[in-house]
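So, here come the structures, one by one.
Note that subunit A is present in both complexes that follow, paired respectively with subunit B and with subunit C.
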Partner chain A sequence: MKGAILNVTENIAKTIINFLEKGLDKKCFDAVLIPIKVPAGDSFAWVLVQNKSLLKDANPLPPVMPVQGAKALSSITKMGKTNRKIAAIMRPCEVRAAVELSKLEQVNLENIFLISIDCPGVLPLKDYLGRPKEAMDKFNKILHSAQNDIQWGNESTRPACQVCDKFIGTDIGFCQSNLHIGILGTEDKIIFLIPNNESGKSILNEMDIEAEKSVDNWEKKAKEIIEVRKKKRKEVQERLKSEVMGIDNLLDTFSKCINCHNCRSACPICYCRQCYFESEIMKLPSDDYLMRADSKGALRFLPDTLLFHLGRMTHMSLSCVGCGACEDACPMSIDVSQIFNFVADNSQELFNYVPGKSVEESLPLKTYEEDELHKVEI
Partner chain B sequence: MEEKIGVYVCECGPNIADNVDIDRVMKTISSLPDVDVVERHKLLCSENGKKFLKESIQKHGLTRIVVAACSPKQHEVTFMKVCEEAGINPYFFQLTNIREQCAWIITDKELATERAIRYIRAALRRIPFHKALVKKEIETNPDVLVIGGGIAGMEASLLLASGDRKIHLVEKTDVLGGKVKELDKLLPRMESSLDIISQRIQEVKQSEDIKLYTNSEVEEVLGFLGNFVVKVKTGENKELELRVGAIVVATGFSMLNLKQLPRYGYGQYDNVYTALEFERMNIDGKILRKDGKPPKSIGIIHCVGREERGYCSGVCCMYCLKFANYIKSKLPDANVTEFYQDLSIPGKARQKFYEDTKAKGVNFIRSNEVEVMDKVIKYKTEEGEEKTSSVDMVILAPAIEPSGDTAKLAEMLRISQGDGGFFQEEHPKLAPVSTSMEGIFIAGCSQGPKNIPESIVQAQAVAGRILSSLIPGKKLEPEIKTSEISEALCIGCQTCLEVCTYGAIYFDEMKRVSVVNEVLCRGCGNCVGSCPSGAASVKHSTTTQLHQEVVEALR
Partner chain C sequence: MTKVLKTNKSVEEAVKELLKFLLKSGKVKGVFTLRKINGNGAVAYSLITSLDMLKDAVPLFPLMPANAGKLLSNLTLRGSVVDPVVAVVRPCELRAFIELVKRKQGSLENLLLVSSTCAGVYPLEMAVNGDIDKKLSQYWDATKRGEIVPDTRPTCMGCEHFLPYTADITVTLIGKKDIDNQCEIFLNTEKGQQFVDGIDGEFVEGKLESEEVVSMRNKRKDEKKRLFDEIGIEKFGLKGLIETFGKCIGCHGCSKVCPICYCNLCYSDSKTYEHKPSVYEMQLKRRGGLRVPPDTISYQIGRLTHVGISCVGCGLCADVCPANIPISTIFLKVGDSVQKMFDYLPGRDVEEQIPVTTFETDEFVEVED
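Up next is the complex of A and B:
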């Protein structure tokens, strides 16, 4: 694998922003979709920037993920392709969600230039909101720990991020942005620009950036961390299995749920216009509830909480990119993302499918194979 | 309007009554609110039973009917007819299966009875959500497009053509007759192929009801059974628009390109011929080597390309025997050897033909490895011994392949290609000449290798299918239980377009939602299964109906 090397001026974020400014100057793209700190200073929002001078407030790697980037991209391109080129700076899980959504015509990737960055994970939203300054310091520490900490990211990031093994935006992370920015193993002195395809190469070309340098050291470091994360992911899932397997355990786990459906609203993959569980079908005449109370002795309200999660799980687990947005959104701190990740890993393995890996890979429900699913045959 | 619901429990003689406590079922169901009538009968599907059901529906003025009896596969249609006769929409009826799914499979009578009650309750739960479905009728065009003017295409055209049905026969080349025209004699009577086919060609040309387009090709096909719109590019380079009700694809076959198999020496050595080249030689009257002299020793090689193509073409064995007869009648002293892998000679006349041929002094050698060198055939015997045979002429029987246009036509007609790349029939045993597209039929070798009588049988079968379904002046009743896609719920992902086998869904670019063409839809439910946003459902099995039924069944 080959890439370009940029020297870090001031800090990594500044270097990336300089690169984007240059791209706008050279008309490689006409706008940049990037997180920018909100004026109040306590969160970040996706902003489509056309005026170069506004880029200075941008943060290509914010400490939190209030809105999953693929949702932002979907809002822009749901009705069709953009006629002008947009560079979108996103985390690998956001790129994978965008690719997944493009297969469902919810994102149109034509004229979108996806740029991913090595991702250390994000902090839980609620840890950030109260004390943004302290949280930011904490996040920066994690970001720079890449040089010595083989785990990269620690107990402060979200649980989903702690066990994420697809945090690299190249094929070793099952992610295909157009251009990936590598920051691992660089002692904050340089960054790598790694083109993943022809479009990535040609943009570097247009910007007169030579991309023939070896990135082997970066890749070695990335692979080491991936291995550590994979192991951790397995351990966590083994533990989770004993905690949630079986209907009683599941009922226990979700008994805290208040049926707010925030997890579904935050999920980039849950794109239904109306969730089945919010439709009229799920509302029953009062006699029916009484009948159900009769047969069980009692009926809890709001009802069908677990059913909602099981339904959502069945529905989107093949496309779940494990971004953790659902867990951030849960006001009751249920381990939604970890449970969904666990189920998703298993269902995806069944179809040998990695969501968001490639635009060419068709959704499992769209394809028919005579020889598949033996694992679940009775 | 308040619904009046009736439940009818069938005892099915002893079939249900023996293992389901009908009295208890009656008592429990009668106690449910909203059930107006509960009746039982010894055998509801009998004439007596149907009369009882009809009169009871009318007497009580019922608006919804649940029958608890056998599998819907057996008597759903029976009872729907009774509902219709009683004056209520047949889709306001639900058959719940307490025989196959209760009485016959549960040994414990008490459990079977509970299950039967549960199923009836589930049916009662869904039936208020039933919607009246009304049969629709569409005007149809009885005319037929036949693609391919070979023996199958001509046969179908001749059978179908009549005063009130025009046939448009489109042939790619400048002549009719297809491959049969390239043969000298026909098995087993050794009649002249040309005589037979010429007679057919004459009949086609003379028919006032067959419009023939030679040097022409089909360019576009839109529409559906009864209403196809076809664009044809004619020999005069004109573009024609035809309107037809059905399409027959009889595009025949081509022979495996022998350049792919250099071990048979075709094109490398003199006097190595394909089967069709040898037929030509016989039509011209003389079997001669390149140097103008008659051959003394001829090797006929069967199964050329069988291994590579993965199937037996089925017709080569017999025509190779025929070739031996050609040779023996013209050159009685020539030595003839047939190299075969397996002999395929089924049928009432073929064994005799084989024995007669053998008796004329033809040699048969079984070998799975045959190679043609200059004037020599090298082969491995069944015992594994390498042997050679001197020959001064070789005739090859190459595998039969789909004709070159198959893939293009398959895409245009939205039908699939199956084994070997031939057009895929709807069902290999039960529906061998229809396709997944209603109104599009396949006949002859376009569906797979076959001999002349088999091609004729298929063409006649196609004619039968069309004559019985596309009657001039008669309107068509399309499937009622079609899919529908909710405009409010569709997210425009177009997954359904990809999984619909019938080409029945299109995408409305303005509204950015998928739309079902109700005439094409056969209600298979593929779109429902794959719709990620719950927008698609099949009428009479709507999400609401199923949800209600399942909720009650699992209570």
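Up next is the complex of A and C:
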């Protein structure tokens, strides 16, 4: 694998922004989709930028993920392709979600240039809000800990991030961006620009950036961390298995759910305008509620809390990219993303499918294979 | 003066005893109240039909996992309950339900409404680690003394409508020093009196608007003023709005839990709010950059315009906000101002019409040309 090397000026973020500015200057793309600090300075929002001066508060790798990037991209291209070329700089899980959404016809990737970055994870939104400065320092420490921390990321990042083994935007992370930015193993002195395909190569060409340098050291480091994360993911899921398997455990886990459905609103894959579980169908005549209450002595109100989660799981788990946005948005701190991740890993494995890996790979439910799942046949 | 049922039991016991009496005598078919579920400390509203299940009921537990007004609307949306059901809800939940009934989202028929002089509830996040259980003794101590309960939600601490308006039955809590071994249940309506007919206890006369209630109302009013001053919404302007709502993540959880937001599909989630790429391209050209998804503040202001007149200040919107935006205080402040303009108090009386559905030839002449 080959890539380009850029020397870090000031810091990594600034170097990446300079690169994007150069791309705008050279008309490689017309606009950039990037997280920018909000005016109050207490969060980040996705901004589509054409005017370079707006990039001064941009941060390609912010410490939190208030909105999943694929959702931002969807809002721009849901109704069709954009005529302006947009470079979207996102975390690998956001790129993977964007690819899934393109298969679900909620994102149009034409004229979109996806750039991914090595991702150390993000802090829980709750930990960031209120103390943005301290949280930022904490995050920067994690960001620069790659040299000595084999896990890259510690207990401060979100649970979903701690066990993420797809945090690299190249084939080793099952991610298909056009260009990946490597920051691992560089001691913050350089960054790598690694084209994943022809489009990535041609943009670097247009910018007169030669991409013939070896990135072996970066790749070695990345693979090491991936292995550690894979192991940790297994361990955590093993533990989770005993905690959530079976109907009683599930009822227990979701007993605190208040039906706000924030998890589904924050989920990039849950794109339905109106969720089935919020539709008229779920509103029953009063007699039905009383009959159901009678059959058990008492009926939780609203009923069907667990059904919502299981339904949502059935609907989106094949495409779940494990981004953790659901858990971040849960006011009751339920381990939603960990549970969904666990189930998703298993259902995806069943179809040998990795969401977001490739736009060419079609969704399992849309693919008819005569020769599969024989064990469930009668 | 109101007829009062007096018993020598703790409030918690007396209320459960009342519910038991109603269910056992067949006067009601079901009991709608908070209940401990799953044996893990989780508390949720439940529709209880068996006496056995009533033992887990915690009608006065200081938590609002959902606005019961919204839930009662769900229960009666497709038609009123055929057999009577008793519902134990908080004053703001009751007010929300009344607003929903006015909007044809529920029916009062066959519902016996029980409420209390409300001491407020704790934030939802305190239900996560079981912190509420540790706070219970403090909660009841402050309530008995007629003081604002510390650590309850800001909107609760500044709530002056803690005395229920349309309840058939009201349990008095605030400033009642003897609630551990004495309970006063006010029977406000004929319906309330009929339902408790035959129950054990002494019947006396009483006045809901007690000294303690007046004193608490003053304390809450002061707190409300302090809360409003702290937010300083008058000075917001566009800058303040951007700074306050800039961290909104667009989950719209606030509208999902709001009892007044009853739309099946919010306008802001509709196709109208989706734009073609050409719209983004035009904005890019005009402004050099734009936030995506767009319309963050437009959503908040739109919702404010839609629900302001009926906002009961229940506080759930702020409780579920993943971005910690003090939505409920802002909505309550704006709601209060709008409601005053029309001399309207949401949930005060089901016969009182919603101002926007009422035509008055003689109002707001000052804004006419």
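Some points to look at:
By our rule, the second predicted complex is superposed on the first by the 373 of 378 C-alpha atoms of A that agree within 3 Å, B and C clash if a C-alpha of one lies under 4 Å from a C-alpha of the other, contacts with A are read in each partner's own complex, and residues count from 1 in each chain.
Following the convention adopted for this analysis, a residue touches a chain if its C-beta (ideal position, glycine included) is under 8 Å from a C-beta of that chain, and two chains touch if they have at least 3 such contacts.
A quick note: this is a predicted structure, and the numbers were derived from the prediction, not measured.
Taken together through their common subunit A, the two structures put subunit B and subunit C side by side without a clash.
With both complexes superposed, C is the one of subunit B and subunit C in contact with more subunit A residues. In the superposed model, A:231 lies in contact with neither subunit B nor subunit C. By the document's definition of touching, neither partner reaches A:56: not subunit B, not subunit C. Once the two complexes are overlaid on the shared chain, A:274 sits against subunit B and subunit C alike.
Put simply, if you stand at the Cα centre of subunit A and look at the Cα centres of subunit B and subunit C, the angle between them is 100 degrees to the nearest 10. When the shared chain is aligned, subunit B comes close enough to touch A:106, but subunit C does not.
With both structures placed on the common chain, the touch criterion links A:79 to subunit B and to subunit C.
Applying the stated contact rule after C-alpha superposition, one finds that A:129 touches subunit C and leaves subunit B untouched.
With chain A used as the common frame, the shortest Cα distance separating subunit B from subunit C works out to 9 Å. On subunit A, the surface touched by subunit B in one complex and the surface touched by subunit C in the other have residues 79, 273-274 in common. By the touch rule above, subunit A contacts subunit B in their complex via residues 79, 103-106, 271-274, 276, 281, 291-292, 295, 315, 363, 365-366. On subunit C, the positions that touch subunit A within their shared complex are 29-30, 32, 35, 37-38, 40, 42, 44-50, 52-53, 56, 65-66, 71, 74-83, 85, 124-125, 127-128, 239, 242-244, 246-247, 249-253, 256-257, 264-265, 269-271, 274-278, 280-281, 284-285, 287-294, 296, 319-324. By the touch criterion given at the top, residues 30-31, 33, 38-40, 42-43, 45-51, 53-54, 66-67, 71-72, 75-84, 108, 125-126, 129-130, 251-252, 255-256, 258-262, 265-266, 273-274, 278-280, 283-287, 289-290, 293-294, 296-302, 328-333 of subunit A touch subunit C in their complex.
Residues 488-495, 498-499, 512, 529-530, 532-535, 543-544, 547, 555 of subunit B touch subunit A in their complex.
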